[in-house]
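Alright, structures below, take your time with them.
Shared chain: chain A. Partners: chain B in the first complex, chain C in the second.
Let's look at the complex of A and B:
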């Protein structure tokens, strides 16, 4: 199976890059590898909804950012001894932070998905965008957690046996989560749920005729996708030591989408390829010119117009069925 | 209180009609060509920048206004010819990505050409004063002029679409594009004209907003998203829905920002009320949109009804 080989090679390359940078003492590049892992994880989340479920969500920054804020708020209260909403104390335990980030994103995705899935096509794109904007503006104008200025994270969260403030350990933790999520997605997509999700995307009427209501299937995929994005957001915030409304902005939604597309829609390792390409472009072109986003736009335009299938499509050929 | 209310009502209508200029182009392009165009905000920005720059160069706002509208329409025609027409047969995802790419290119190009510092534009002398409202408050003439321009464009669009040959073709294109092509209409040119028309309206909205706020890179994006909310509420493809949705969004947003903090102040302590009120006011139109879509997923005036 060629795609499996390409996926494993991509993940191996990322791991080798991180370890190699560490061996050479290049902390900047270790952090860059961690950034790729976080961004790829967010893309993997969106890919579940967009690639496998056919739900073109233009609002995944909301879930990414909510995860980031969950991490930021947990760290803030662990620092100042306060409590979120008066009841939830802060924590520096990594698994608890991850769980909180996934719950925050999932709980937001449930009503958003329920309302958005009533609509289709261009309406779905716009309503997910609007919900993300709603959360973005709330974060900007609500003063308790930094408002427009964002929230610094003073305390790195901890995991037994791991020193998460060490760049290499943090990269390895992010990488392990990325691999775990990709493997989890592969298992779920190969199961009955994956078949139902594919049919919900291709022909919901036929799925309904087969006795499976499409809405719960799509909603479950949407919520799971948001939870993965939330987890990615928590890691990303912790990596930067900072969370701000920019993580919730619609530009970020666009970037996550770009990562999925550059890599290849509906390909398991697509977001990994997309994230590597995106961060590489950001670093390389950003080093040449301050107008790197304009070049990114030109490249993206070229990919959309002329090179469909993304990087994985180019490396592993079209999707194989059966 | 009533003077404040009247003033804010007018502000809301003014915001709404500015949004209508944006939304009209978006909804027309979607209705006829089935294209979702994120780069519409970039055309708005183009209009604003060219107006501010030409206005400063010539010393005349009116020359700037004309140049802004023409530049936006020309930019629209160019991107239609180069990029957009390859997207009509693609799915919405490709359209979103390609037009997102156009935003990145336009923003960086504007930053490279005009610099990162915002430009400012003076209110033209003919519209500089203010008029007394009943109740005693003074209201800027310029904002009234925007309202008048918005209403005039709405009326003009109505006449164009209902009473002219071009309008007939636009309506026919909405109903059945293949058939229009089969009847001998040059559909490719028609699409370019419609796209440039929408772009020109966005440019007009951008050029007119120059004297009210700073002209800077990224100014088109908040307006674009508001215009999306407008056309989703109004029903995508419907000009009438766009007008109705635009005024509704303008009023709800403006009045919410003024009166929600005041309403919270009745039950909460002042600082908490200000924070809570401001936060909820900025979300209000999205809540409204979600509520409307939950009840009517096709918007208030579905185009194909």
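Let's look at the complex of A and C:
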């Protein structure tokens, strides 16, 4: 139960930060809070694969970036009246953009997962990285959607009842999606699917002996994980008004993984804690020195060596299993 | 005579030059405990692994109640009715005893991958899991404990409970008495004795007193071949068996 309290407190703090910044008229900090929400959402996606499924994917930027490109391409064609692959028109509807982003990420994750899951350990890490790099280089060399320069998003897509171009509204929408995804993950993980996934991670031999093949369970979690990362990517691209191959790069995969590890692998709100710390460091230390990632590295080293449960582990103690 | 529950015929498996299973034939009928004995490295676990689907044989056939298991995965065979325990317990250590057994009930449930209802409060899963744990003699006080904190003997019981909870057609038990001590061995033997009428058992075991107490028939495996099969008394008297195995052990 204590982990639930810590998770709620973290989300409450993020909400309070965004609202407080808005009350003080600090748009920069409202956007910063939205950035934390987007990055935490990407981390929540990876955490489903890495933390709950034991699949150490070093390629989640691919799904994050595909979500971003889905948003960028939808906005581009809504603007120029063209169509993706000659058939899919653009859209300014935010839910449609979200759906497109999740589908794009999920469709890519299906074959990537199917192939990668034939391997284990360091090979799994490398093969997911390799797939992500393929998509990265494709985005760089494919000129139709900006190539190396990326794609601007002039107008954010629209959602009924909210003004997505308003920083506060956009933060609240991102925050609401983050909370919804975390609650959804909590429900699914506590249910039968989650029980099978826990066994697939802890002892696949036991799961198979019980009568459930581990592979389809892991693959489903991998695809769901990618879809969440894709959704996060779409939000992130709209937040920045821009999508470029950088969103697909292996640095980005590393960052998402760092966020999960900082916060606590396999802890539901771990990515929230990790994203808060990451964005805070990026902003504060990044303001003093461009070598802030060196400091990040030191902190990561400390977490891995001394606090294996990450921030959530330090705040809420070890995982408790049912 | 009725069709055997388990029939193994012409099974072969080599690891390089080593013939670990060298033309094995076996049949196991309802109401029967068949003990498979043999010296270390004879190929007993390898044979179990091929029946259970962990290891693919080079040649031969395994049928369960007349159904050919060729090409079926471990999970599919388990669902077809194979219950198995391992020579070295294979459980999810951080999870509770109940969770380790519950997954076997879940595998047979109509909705195996529900995403809404929490398993912790799912009576359709917990009741059979708890009944199986009680059946193997593990009390309610131990159900919620992580398997890692249970004793070796308790873990063997949890594994057996997981196998039973799936309502198997056949049990494959690889040295269930190993490391249990005298009291534990006797209790496990009582338990298996009580199971005989319910589910046929292929019992791999080194403890000869347990084997002679429980087995209806004994098959002796040496270097991948079955050198004798028969009633316990016949096996005890068999000269080849005494030389190959019992003489060494006793």
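Here, the second predicted complex is superposed on the first by the 322 of 322 C-alpha atoms of A that agree within 3 Å, B and C clash if a C-alpha of one lies under 4 Å from a C-alpha of the other, contacts with A are read in each partner's own complex, and residues count from 1 in each chain.
Methods note: a contact is a pair of C-beta atoms (placed from the backbone, for glycine too) under 8 Å apart; a residue touches a chain by one contact, two chains touch by 3 or more.
This structure is a prediction, so every number in the text was calculated from the model and none was measured.
Pick one for A:22: touches chain B only (first), chain C only (second), both, or neither.
neither
Count the residues of chain A touched by chain B and by chain C, then name the partner with the higher count.
B
Go through the superposed model and pick first if A:188 touches only chain B, second if only chain C, both, or neither.
In the superposed model, A:188 contacts chain C only, not chain B.
When the two structures are overlaid on chain A, which partner does A:52 contact: first (chain B), second (chain C), both, or neither?
neither
Output check: A:203 vs chain B and chain C. Expected answer is one of first, second, both, neither. What do you get?
second
Of the two partner chains, chain B (first) and chain C (second), which one does A:211 touch, if any: first, second, both, or neither?
Second partner only, chain C.
After the superposition on A, what does A:125 contact: first (chain B), second (chain C), both or neither?
After superposing on A, A:125 lies in contact with chain B but is clear of chain C.
Between chain B and chain C, whom does A:138 touch in the aligned arrangement: first, second, both, or neither?
A:138 sits against chain B, while chain C stays out of touch.
Following superposition on chain A, which residues of chain A contact chain B and also contact chain C?
none
For the complex, give me every residue of chain C touching chain A.
Touch residues, chain C against chain A: 52, 54, 73-76, 78-79, 84, 90-96, 98-100, 102-104, 106-109, 111-120, 122, 125, 146, 162, 166.
Give the list of chain A residues in touch with chain B in this complex.
It is residues 50, 56, 58, 115, 118-119, 121-123, 125-127, 129-131, 133-134, 137-138, 140-144, 250, 254, 257-258, 261, 265, 291, 293-298, 300-301, 304-305 of chain A that touch chain B.
Along chain B, where are the residues that touch chain A in the complex?
For chain B paired with chain A, touching residues are 30, 36, 83, 86, 92-94, 96-98, 100-105, 107-109, 111-112, 221, 225, 228-229, 232, 236, 275-276, 278-279, 281-283, 286-287, 289-290, 293-294, 297-299.
Spell out the residues on chain A that touch chain C in their complex, using ranges where they run on.
That would be residues 187-188, 190-196, 198-199, 202-203, 205-214, 217, 220, 319, 321-322 of chain A.
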